[in-house]
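Letters A, B, C and D mark the chains as written, and numbering starts fresh at 1 in each.
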Amino acid sequence: MQIVVPVLTPFTKDGKVDKETLKEHVRNLIKYVDVVFVNGTTGLGPALSKEEKKETLSAVYDVTDKVIFQVGSLNLNDAVELVNFSKDFHLVGVASYSPYYFQRLPEKWILNYFNELSRKAEHDFYLYNYPSATGYDISAKLVNKIEGIKGLKDTNQDLAHSLEYKIANPHLIVYNGSDSLVYYSLLSLDGTVASVANHSPHLLSAMRRFIKEGKKEKALQVQLIINSMLDVMRRYGQLSSTYSMVEVMMGYKVGYPRPPIYPLSEEEIHQLKSEVEPLKRKAEELISG
Amino acid sequence: MQIVVPVLTPFTKDGKVDKETLKEHVRNLIKYVDVVFVNGTTGLGPALSKEEKKETLSAVYDVTDKVIFQVGSLNLNDAVELVNFSKDFHLVGVASYSPYYFQRLPEKWILNYFNELSRKAEHDFYLYNYPSATGYDISAKLVNKIEGIKGLKDTNQDLAHSLEYKIANPHLIVYNGSDSLVYYSLLSLDGTVASVANHSPHLLSAMRRFIKEGKKEKALQVQLIINSMLDVMRRYGQLSSTYSMVEVMMGYKVGYPRPPIYPLSEEEIHQLKSEVEPLKRKAEELISG
Amino acid sequence: MQIVVPVLTPFTKDGKVDKETLKEHVRNLIKYVDVVFVNGTTGLGPALSKEEKKETLSAVYDVTDKVIFQVGSLNLNDAVELVNFSKDFHLVGVASYSPYYFQRLPEKWILNYFNELSRKAEHDFYLYNYPSATGYDISAKLVNKIEGIKGLKDTNQDLAHSLEYKIANPHLIVYNGSDSLVYYSLLSLDGTVASVANHSPHLLSAMRRFIKEGKKEKALQVQLIINSMLDVMRRYGQLSSTYSMVEVMMGYKVGYPRPPIYPLSEEEIHQLKSEVEPLKRKAEELISG
Amino acid sequence: MQIVVPVLTPFTKDGKVDKETLKEHVRNLIKYVDVVFVNGTTGLGPALSKEEKKETLSAVYDVTDKVIFQVGSLNLNDAVELVNFSKDFHLVGVASYSPYYFQRLPEKWILNYFNELSRKAEHDFYLYNYPSATGYDISAKLVNKIEGIKGLKDTNQDLAHSLEYKIANPHLIVYNGSDSLVYYSLLSLDGTVASVANHSPHLLSAMRRFIKEGKKEKALQVQLIINSMLDVMRRYGQLSSTYSMVEVMMGYKVGYPRPPIYPLSEEEIHQLKSEVEPLKRKAEELISG
């Protein structure tokens, strides 16, 4: 029942990776979560250059070695370079999403891509399956052809889909990556990779505690509050709202996203905050009660 | 009735842009086509680094200034840098696809993104709309809010969709970007941006001639042959087959794609060739007949 | 270059098939169109009982024998009964859509279904392919396994898809069924099955004339006017607007649709009319000009 | 934590509703399940005539009054007639799916349709939401506009979607209708409407017992076995396999489906059985162990 945070990447106003802010953020998160997933979607991985992906790893690694390092790229050479770069670090694992944007790539290319990475990796290799973003749904059958695969993050609203990996290979570590399904993921998989852990790691931590204590109803209530938060955040743009939510929920600033992921305006942050406050209070009562 | 080629990007075996081969390829194409679209999907634009996108422009520009330069990026700063870079060139225009991978970005961010580019561009600005790859379908209404927009490439199987732009704004230059709809695009839009122009520019040129001469039936026959070719190519992986098809149809090599867009194996090239040969002969008879 | 009208089914206010109004409507249409397609989607085929499907055929047949009779049903016995019923009529053909609603039916069941109908039919058999309504896209390969198939109506926004049937079997009669693609269908297929023919048969007829006279630009202008009409109609509900449009464009009433296809309110009809009038005038100028 | 069975409709070989077999089947099911959902998708509701829908209700009602009666139709008059017919029965409720096949019906028509039924119903009214079959996803917001709505069955792979109804209106009875998500539905909703209850009601019953006893791991194991069964069934055609599975799992015959839902061949039944037997044994061990 692990909680993994796909950590956001703080940028300065002029679009550089803000390493100090990233470190400070990770220091706060690591009190609640088990693993930090670097360069995921919430981390704006596909918008980072190869050098920036190295920077984020280095910064996070200054704080913790409980790290999965995402290296995927539309240029395999770049992804391989990142795998090689990772050899000097002690990590939980190296991960990659599939190619994206380009459609109808033959399955054997996709498999080649993953195998070239998994073979070169000295760490455990994880798949990051995110069909609605990449256009590729890596089937349980294909996953079992990836050499030495240790586990995967399945970002998918269908839990039966995540279970398929378990059925096909009970030894795989399987996380679901949907914020709105954390409760279910904790109840049936190896854990969750949840973007909300950036701003509400204490809620996820409390949810897990409730489950362990057999308080299913309270655990579910936490999920319902999270889903209400997500509903608000989506109206402002979910990726950018995550940055603002850190301030609303945790009380500190984590810099900016980078356009075309535009930061919320002051006005929007104000509105977001006023919409979220009642949910925050409700969550606090639930957890303390 | 323009024919635009979204030129492929030749790589060396170790994954560098092969500028000399690119120049030679453009020299051959420019005999048949009106404009070269650089860094499009066929050019593996989303897989190129910012520096590589500059290299492809420089190489093509050595041969012709009939160029539309695609600059889109998930990092707006990079796209702006490319727009600035383009100021030293005389070009037909600068273009950008929308952000991709990241889902549900608010419409105003998408508009901001395009406007920041169009305002900075000293050349005419073109939209590259490709919903099935990016996840964003830029509506005719939104297009009309992009300042100073000159035209667009709509990669879409629905011609009524491309016509919508014309209905909403008759002054826009509208190209359809589907290989399998060139005949219709020539008959109703300002032209086509067709990947097949990389290996069969003479077929497109003949199709246009047939239309001008009122030989609609023959023009349609050319389209049917092209569609049969596409059907073959898709089975081997369309992007990579485009490289091999240059040799099959035009008789010269254009280097390699770059993994995860893997080149065809020798065996596959052989099979592709044997499947395409009858279509090639049929096309030659039709054109000469 | 045939024009086929998928005739609407007029109902009385209390939901009975209004046979006299249907006859009168067909009498008006048949001056412009070549064939009447009975019990199609516009005819609310899937909402008609077996007995009602017989009534519509009988009524239309009183006016013309240029009829394709659609018999599809989720109960094969019913569809077979309708095929048998048709034997007493001289018809252009019998047609059927695929099963719908039920998902992932094995392909062999779909083929069985069509073959049981085509074998029993004494008339030419036509497929009605409408993937976005039925969930099944009948491939060119499968079509060629339907015994004695004469032709098909492909309701699809992708003309390359319709062309696939022609490529796989040049003897098939292929119609595209999209209102917004009539121009293209006339230029490349055997014709169109166009719902707009219910209210604007004279526009389709003029479009065809323009094409025959080599006036492609004028033909395309007619299509653009039709597409603008469709854009208006969709806002009020396209199926019901078709009934009201008969009055707006042709000057007579054709009864009511049947809930849950609700008729437009008086207020909506008034608004629809005021939006369509400018398009109607533009069309008249274009045709007479 | 209710278990609802969407009961299959047994047909005779020549396609009549086999009422005696239906009664016998319900008599067996009712030992394990709480409610019988009549004329659902598994019951081939959309393929039944109005009269047949009355027959199935009458037959089931001879055995139990724990019944939800599904009345949806593309002809509202027919649906209303069925609602009126139901007044002579004591039922748990009346339900309806949305219109289907016809696309882009305005939201207000959909709402009108449901309200005309809910107002006329003397029983509690339930919505049956099944977007992938009907094309309409009835939002939580729209559901709250249906007068006097009591609950709904949401057939959807996304549990967060089902939770939305609960968040918007905690008083609604919400079932999820996916066989592969029963475990989760029992843990977070008011229950499940599961087609597998036709052949494996004892497995669902055991799963519920395990959950009540705090044996989450064993409950999940039951779900994994069910999912493996579904995987087998889908390869033969899920709807028809349900009939054959009753014999495999329960030991008695329940007649035939009706074409185009073709029954499995003897050969297919034999294969299905041999694939399912190991799963059946595994389930028996799990339940007894």
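Quick notes on this one:
Methods note: a residue touches a chain if its C-beta (ideal position, glycine included) is under 8 Å from a C-beta of that chain, and two chains touch if they have at least 3 such contacts.
Just so we're on the same page, UniProt names per chain: A, B, C, D = 2-dehydro-3-deoxy-phosphogluconate aldolase.
Treat the numbers as computed from the prediction; the structure is a model and nothing was measured.
Chains that touch both chain A and chain B: there are none.
With centres computed as the average of Cα coordinates, no chain lies farther from chain B than D.
Over half of the residue numbers found at the chain B and chain C interface occur in both copies, marking it as a same-residue contact. Between the Cα centres of chain A and chain C there is a gap of 49 Å.
Averaging Cα coordinates per chain places chain C and chain D 35 Å apart. In chain A, no position touches at least two other chains. If each chain is drawn as a node and touching chains are joined, the picture is one closed loop, every chain linked to exactly two others. Chain pairs recorded as touching, per the definition above, are A-B, A-D, B-C, C-D. Across the complex, chain C is touched by residues 15, 41, 44, 46-50, 74-77, 99-106, 109-110, 112-113, 116, 132-135, 234, 236-239, 258-262 of chain D. Residues of chain B touching chain C in their complex: 157-161, 163-164, 166-167, 178, 180-181, 183-184, 187-188, 214, 216, 220, 223-224, 227-228.
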